[in-house]
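Order of writing sets the chain letters: A, B, C and D. Residues in each chain are counted from 1.
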Amino acid sequence: MQMHSIAFDISHTLAGGLVLISLMMLYQDRLYSLLNVFALHALVLSLSVAWQAFIQDAPHLYVTAVIALVFKAIVIPVALHRIVKQLGIHRDIESAVGIGPTMLAGMGLVALSLVLMLRVTSDADPLAREDLAFALSVVLLGLLVMVTRRNAVSQVVGFMSLENGLVLAATGAKGMPLVVEISVAFSILIAFIVIGIFLFRIRERFDSVDVSALDDFRGERR
Amino acid sequence: MSAVALQMVCVAGLLGLAALAIVLGRSKISTPVIYGATLAVSVFALAGALRSLLGGAADATTLTLPVGLPWLGAHFRLDALGSFFLIVINLGGAAASLYGLGYGHHEHAPHRVLPFFPAFLAGMNLVVLADDAFSYLLCWEFMSLASWALVMAHHREPGNARAGYVYLVMASFGTLTLLLAFGLLAGPAGGYGFAAIRAAQHTPYVATLVLILMLLGAGSKAGLVPLHVWLPLAHPAAPSHVSALMSGVMTKVAIYGFIRVMFDLLGQPSWPASVVVLFLGSITAVMGILYAMMEKDLKRLLAYSTIENIGIVFASLGLAMAFQANGLKAAAALAFTAALFHALNHSFFKSLLFFGAGAVLTATGERDMDRLGGLIHRMPFTSFVVLVGCVAISALPPFNGFVSEWLIFQAVLQSPELPQWALKIMVPAVGAMLALAAALAAACFVKTYGVTFLGRPRGTTAATAGEVDRFSLAAMFSLAALCLLAGILPGLVIDALAPVASQILGGRMPAQSGQAWLSIVPIAESRSSYNGLLVMVFITLAASLAVYFIHRLASHALRRGPAWGCGFSDATPAAQYSSVSFAQPIRRVFGTLVFHARDHVTMPPPGDLRPARLRIELHDLVWNGIYAPIASAVGFSSTRLNRLQFLTIRRYLSLVFATLVTLLLVLAIWS
Amino acid sequence: MVVISDIIVQGVQMLLVLLLAPLLTGYVRKIKARLVRRQGASIFQPYRDLLRLLRKEVVLAENASWLFRVTPYITFAAIWVAAALVPTFATGLLFNWTADLIAIVALLGSARFFLALAGMDIGTSFGGIGSSREVMIAALAEPAMLLIVFCLALVAGSTQLSTVSHLLASSYVGLRVSLGMALVALFMVAIAENARIPVDNPATHLELTMVHEAMILEYSGRHLAMIELGAFLKLLLYVSLIACVFFPWQIALYGSGVLSYGIGAGAYILKLALAGFLLALFETATAKMRVFRVPQFLGAALMLGLLGTLLLFVSRSF
Amino acid sequence: MNLSYFDPVTAVLLIPISSAALLAALPGYRLTARLNVVASLTTFLAALSLFVAERPSPGPYVLIDDLNIVFIVLNTFVGFTTSIFSASYIAHELETGRLTPTYLRFYHAMYQTMMFGMNLAFVSNNIGLMWVAVELATLTTVLMVGIYRTHAALEAAWKYFILGSVGIALALFGTILVYMAARPVMGEGQDGMVWTLLVERAANFDAALLNVAFVFLFLGYGTKVGLAPLHAWLPDAHAEGPTPISAVLSGLLLNVALYALLRFKILLAANPASIAPGPLMVTMGLVSLIFAAFMLYRRRDIKRLFAYSSIEHMGIIVFAFGMGGPLANFAGLLHMVMHSLTKSAIFYAVGHISQIKGTQRISRIRGLTVTHPALGWGLVAGVVAIAGLPPLGIFMSEFLVVSSTFARQPLLAIVLVFGLLLAFGALTLRLTSVAFGEPRGSAAPADASYIPMFAHLALVLGAGIYLPAPLVVWFQHVAQLLG
């Protein structure tokens, strides 16, 4: 019981930490710092996954933790660093919405997810409940980053943080099968995206190599 | 073999012919084979329908096929009402096929006509036979589709594509409204069988909604103003014998649908409903014929006049509803019979006139009346039968058009019996409107015949035209004969219609067969009576008497000379009255109100040799007021929405995000 | 026996109208002439005109069709039949029930229809003018006529002229506003239908103002005679229509003796004379109106008819 | 293989994946194309044998019930016909050099992999597995959409990929939530994801969690169904990819996502405390219908036109299922089947047409019924069918949807009718300009394979007139299953 409460506190702290870092991402205005923050995000995620693995004594979760650590906290950020260099993307992020409103929106989303999750009858064990609340907010914040940032790299970062939220939720769900497979699948997905960015020389946004060509290739204004 | 089964066999035969036509394709024999076969089948079906109407068709025969809605099956039923409309359809079909035997040879794309012609006939037959909502709508829309294909037969001619498009959209609009109506009648349980609908009790709310929906649905097919816009586009676009079918017959199928639902399925009508129908009917009658008066395209003019006649029929049906709602069975039967009679007559003379227009088209290649003229010399037979048609449609004795209009007026004269003040005051006005429509129709067809067939040819094609083939003539002459017969022996028709009235209304007109001298007596002889036969006889007697005496007493001397024309004898044919100039007085009287018509005259200064020019601008207020705005609204909103096609992925993502957040918020607030 | 007498009466009437028609016209012309202090032609002039026309040869335009030659007879026949159906001096004629008032109007309509076609046949612009204006006037006159019919039918409960006049003659209907209105309306319609002043001028020679005359401009000889006779008949028809409906005094009821028939005939002649005089008076007193004032004129008739009908409803409802 | 050991389910899964491996290895176009057809055919036959073979009891991974048999058979059938069409289509592409043999090898392999993914999604009883399968199918289609390597194609693929991955993420989150909701009842581990077990005990699940879960699942899978405003990827993916893929996308992939939605709808329906998914589906359905109907008017690219019409019809179907009740559900199922058949038939025609005319621009295609009667009239029939005109199948389903709705919710029905009419107007407008009028563009004879197109149309026609009784009974049963 004692153990349980500590376990609860720690995982709670870690999850809360993730939300906090997601919020931090929202007000980064330089690419490199954003990447670093994301690395931190991944690190905390791996910690919490590891902790979950420990308290659920589900060894396979360690795999997920390792993936999170190696792949997301190290490989991807480095790769993105290099992409930023190679494509000569200028360093500061121009965001569609100002930092302030974004932060407010972020707060609102966190509140929303809390409201939604706290309706859940607490016979689902509190751990899962809190975890879910945080996971949901991480997911929403990740989407928010994707939506508010114009820059491809930062959008990737947003997507990855979203996906971190998923992993958090998945690992929080005690005894959920396929977690590892899913995390692997997602890492591959992200790899695809990163490669795609690199391949298609996408600088500014996800849309197209050059903006002017955009409309032509909607096939409608030819 | 029950009557309905017989009809279904005929329908199957027609569908088989459609398939056969596809197989035969462009081969030479296909035209005679298909039209000959359709003629045979239609005559056969006609005989069957006549038998079931005259031979005590009070007992309806039903047939259920395991197709259509699975748990319901396709129900088919033949009762008196159905038999009557089957007669209309198959008579028109037979005439059109006969005409097609000759006309079809001038068709440059037979493979686009032949498969759909029998299919179209089959569709119309099926609509009348269908006895459940699903099969009804299926056949209804199938009919529209087949006729659409026929309209698109000459798809390369300018304007036809648009005509087909407008037609198809309006048809589908009508079907959807009918669909709503039937959905309402069937109720949530989905009792789509007509028997079930008949049995069910319908609240006034339902009845009102159904009336509106039927007026929209059946009205759009029949061409009620303001739903008529497709009709003058589509009917002329089709080959002429098909135009005849569409105008003469398909509109009747729409009327059938209206009667079936409003009188049969819905049970006792309510008098406010009749007010609406009366109003729409009379407006349609007058508007339709005014449109026709302004028209110079022969076939389109005929299409507009179809609208007028539909209006007359609907007005008469409205009267029937009014009387029925007040339990005045006899009067209701009178109005109802008059409506059916007029529908029948219209199918006669409108088909005849469209055939005539087709003959003119084949002979001259012209539809614009202002390039025609003097055809009475070149096409004597055609011009004679068309004259008969014109007299008949102008509601002049002793032809059939007059009889039905006379009956309608007799029904109008019964209106004092009605208790409701609204009706008391409205019906005379409606009567005046109908009289106006009839008089305008006479004017319109004086114009049509005078400009097309009389006078001097306005173009080379008209000057060198020749008479058409004998199949076409046979079809036209038989229809003309029918026009005369129905005009001089109306009693037979009325008695034949009695079972329909008694089936639908539970009352009937007094039997006419007993009347002396074959005259007809709608209510009682003291009230009013008419005897087409004697009028005919008197006129012929008087005329021949006159001729006799003149030729006995007066001089026979006759000299051909140039037309006097108060001295302008050598005026060019262009100086004749054209259709536009003929319409001018009526345009001056009604046009300014109805069409915002303006005449712009540009008179060159004295000494200037340029000809003076007259430009006439007409506005179709219905189109400009209703359809153009709708079209532009759709265009505008689609242009606006179309921007969503050109967003960046980030924007798309924000759409997703927004949706997600909204749903979550909804969840947070509600649950 | 009865049938025989019926046939006789019917035949007498048909001959009577045929004979009286030109006389009425001549009489009206005479009166008009006298009213403007002219000597005027004898009242038998129309007969002479007809005979002269009959003797003359027909000059037919080259492109005149068979329709052009048939029309005079058809027109004449239709009008004659119509006129024969209107009770003049006696009701309950043998063939009254072959056509009621609506049918009579329609018969005149068919006469007009063919005449208008004939106007178009030669292909001169005058024919066109005449026809187009004629049909326009007719289009306005017919609804008015129907409302008048309606008004009468409401009073008499029938559109059968014989019955109407029978009823109005025998039973005491009483003086009704709406009947008065109907009378005025019918008078206006009759003016229009017979192409009299102020709607049209039967004696005009200025083509642009012609309506009826322009339509038959190309006719000559016996054809013209037929048409003229038709026109005379039409005038007579309308006069006797007004007479038998609104002033059915002394009209011989069905099946009454020869004497009453005689009285009826006499009364009829008198009515004709009176009506002719009034018509002439009216025509001399008014000036011809522009063609496009005619709609207002007939619109007034229409309104009167409608008003009469509605008033009847009111009076009936009490 | 010895019939006694023959297991249709494994066959339906095994044949595609193994042939995918084989096709990836084999060189040569003709061989691979033929093999592709053969593989699809055998898969289809195996799927048919599902009727006769006794059904395996629902295990942790595999489930065969009335609902998914419909989908599997439809799926494999359209997959088969499309493979025939694709053979002749791809041949032309090789001639014109738009595709190289290497890509072709890849293409066929991907085709089979996609079939595998979809079949897996259908048979899987495990919501996690179903998720994986749907995503697999999606990713393979992404790769095939981009196969032409043109800028437009790559961009379309990229857009599809990004929006798809977000959808994936949302769907997964929903799945996790479902598991979380189930866990207290089902206990930990495998069972919490087995659909059959979930449905059995859904009544005691936590309603609030289920609601949130459904929202995520609805958006996640709804992205694939192409509901507006989640539709953005759909038109471009249809327009830029090879036409067989467009046919498969419209005809099949949308159904896969729809199937997933239905499964979760049933799950939610089993829990009385949770929100009814009906209103949500009805709203989204109507939005998609009307939005797509308006969008149809401004289309200039013929494939995009029909892509939008797919969105429209998905809207109708989702609406019908949202309305629920025996009639509407029946109509929804029928409409889905009919739409798959018709739309793929249309794409077959469109594919050949755009190949012959060398363009997808509507304005450059005129008078098809004159130059290419078979294709032209085929297209006319297809559009007539898709526009919901009788006597073709979609009329029946639309009849049922509208009439049953109007009796219950008049206003909704009127909105629906408005949308239908709007879409009808747009489609027929384009049809008249494409099929009729003075011919424009090349009149080269078409070396087309008409069998698939006319086979589909024949089926649709047949269904419109006569539905076999057993099929009806079965559909009705499924409709009841859907509640």
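Worth a mention:
By our rule, a contact is a pair of C-beta atoms (placed from the backbone, for glycine too) under 8 Å apart; a residue touches a chain by one contact, two chains touch by 3 or more.
This one's a predicted model, so the numbers in the text were calculated from it and none came from an experiment.
The minimum number of touch steps separating chain A from chain D is 1. More contacting C-beta pairs link the chains of B-C than the other of the two pairs B-C and A-B. Centroid analysis (C-alpha atoms only) places C farthest from chain D. A separation of 35 Å divides the Cα centre of chain B from that of chain C.
Between the Cα centres of chain A and chain B there is a gap of 69 Å. Rounded to whole angstrom, the centroid-to-centroid distance between chain C and chain D, based on C-alpha atoms, equals 78 Å.
Mean C-alpha position of chain B lies 44 Å from that of chain D. Contact of a single residue of chain C with at least two other chains is seen at no position. Multi-chain contact residues of chain B, defined as those touching 2 or more other chains: 642, 645, 649, 653, 656, 660, 664, 667, 671.
Annotation for chain D: residues 158-159, 162, 166, 208, 212, 298 touch two or more other chains. The list of touching chain pairs reads A-B, A-D, B-C, B-D. Contacts from chain B toward chain A in the complex involve residues 642, 645-646, 648-650, 653-654, 656-657, 660-661, 664-665, 667-668, 671.
Against chain D, in their complex, chain B makes its touches with residues 66-71, 133-134, 137-139, 141-142, 145, 152, 155-156, 161, 164-165, 168-169, 172-173, 176-177, 179-180, 182-184, 186-188, 190, 192, 634-635, 637-639, 641-642, 644-645, 647, 649, 652-653, 655-656, 658-660, 663-664, 667, 670-671. Across the complex, chain C is touched by residues 373-374, 376-377, 380, 387, 391, 394-397, 402, 406, 409-410, 412-413, 416, 424-425, 428-429, 431-433, 435-436, 438-440, 442-443, 446-447, 449-451, 454-456, 517, 519, 525-531, 534-535, 538-543, 546-547, 550, 553-555, 557-566, 568, 571, 573, 575-577, 581-586, 588-589 of chain B.
Every residue of chain D that touches chain A in the complex is listed here, in rising order: 128-129, 132, 135, 151-152, 154-156, 158-159, 161-162, 165-166, 168-169, 172-173, 176-177, 179-181, 183-184, 188-190, 192-193, 206, 208-209, 212, 236, 239-240, 298-301, 304, 360-361. Of all the residues in chain A, the ones that touch chain D in their complex are 116-117, 119-121, 123-125, 128, 132, 135-136, 139, 143, 146, 159, 162-163, 165-166, 169-170, 173-178, 181-182, 185-186, 189, 192-193, 196, 200, 206-209, 213-214, 216-220, 222.
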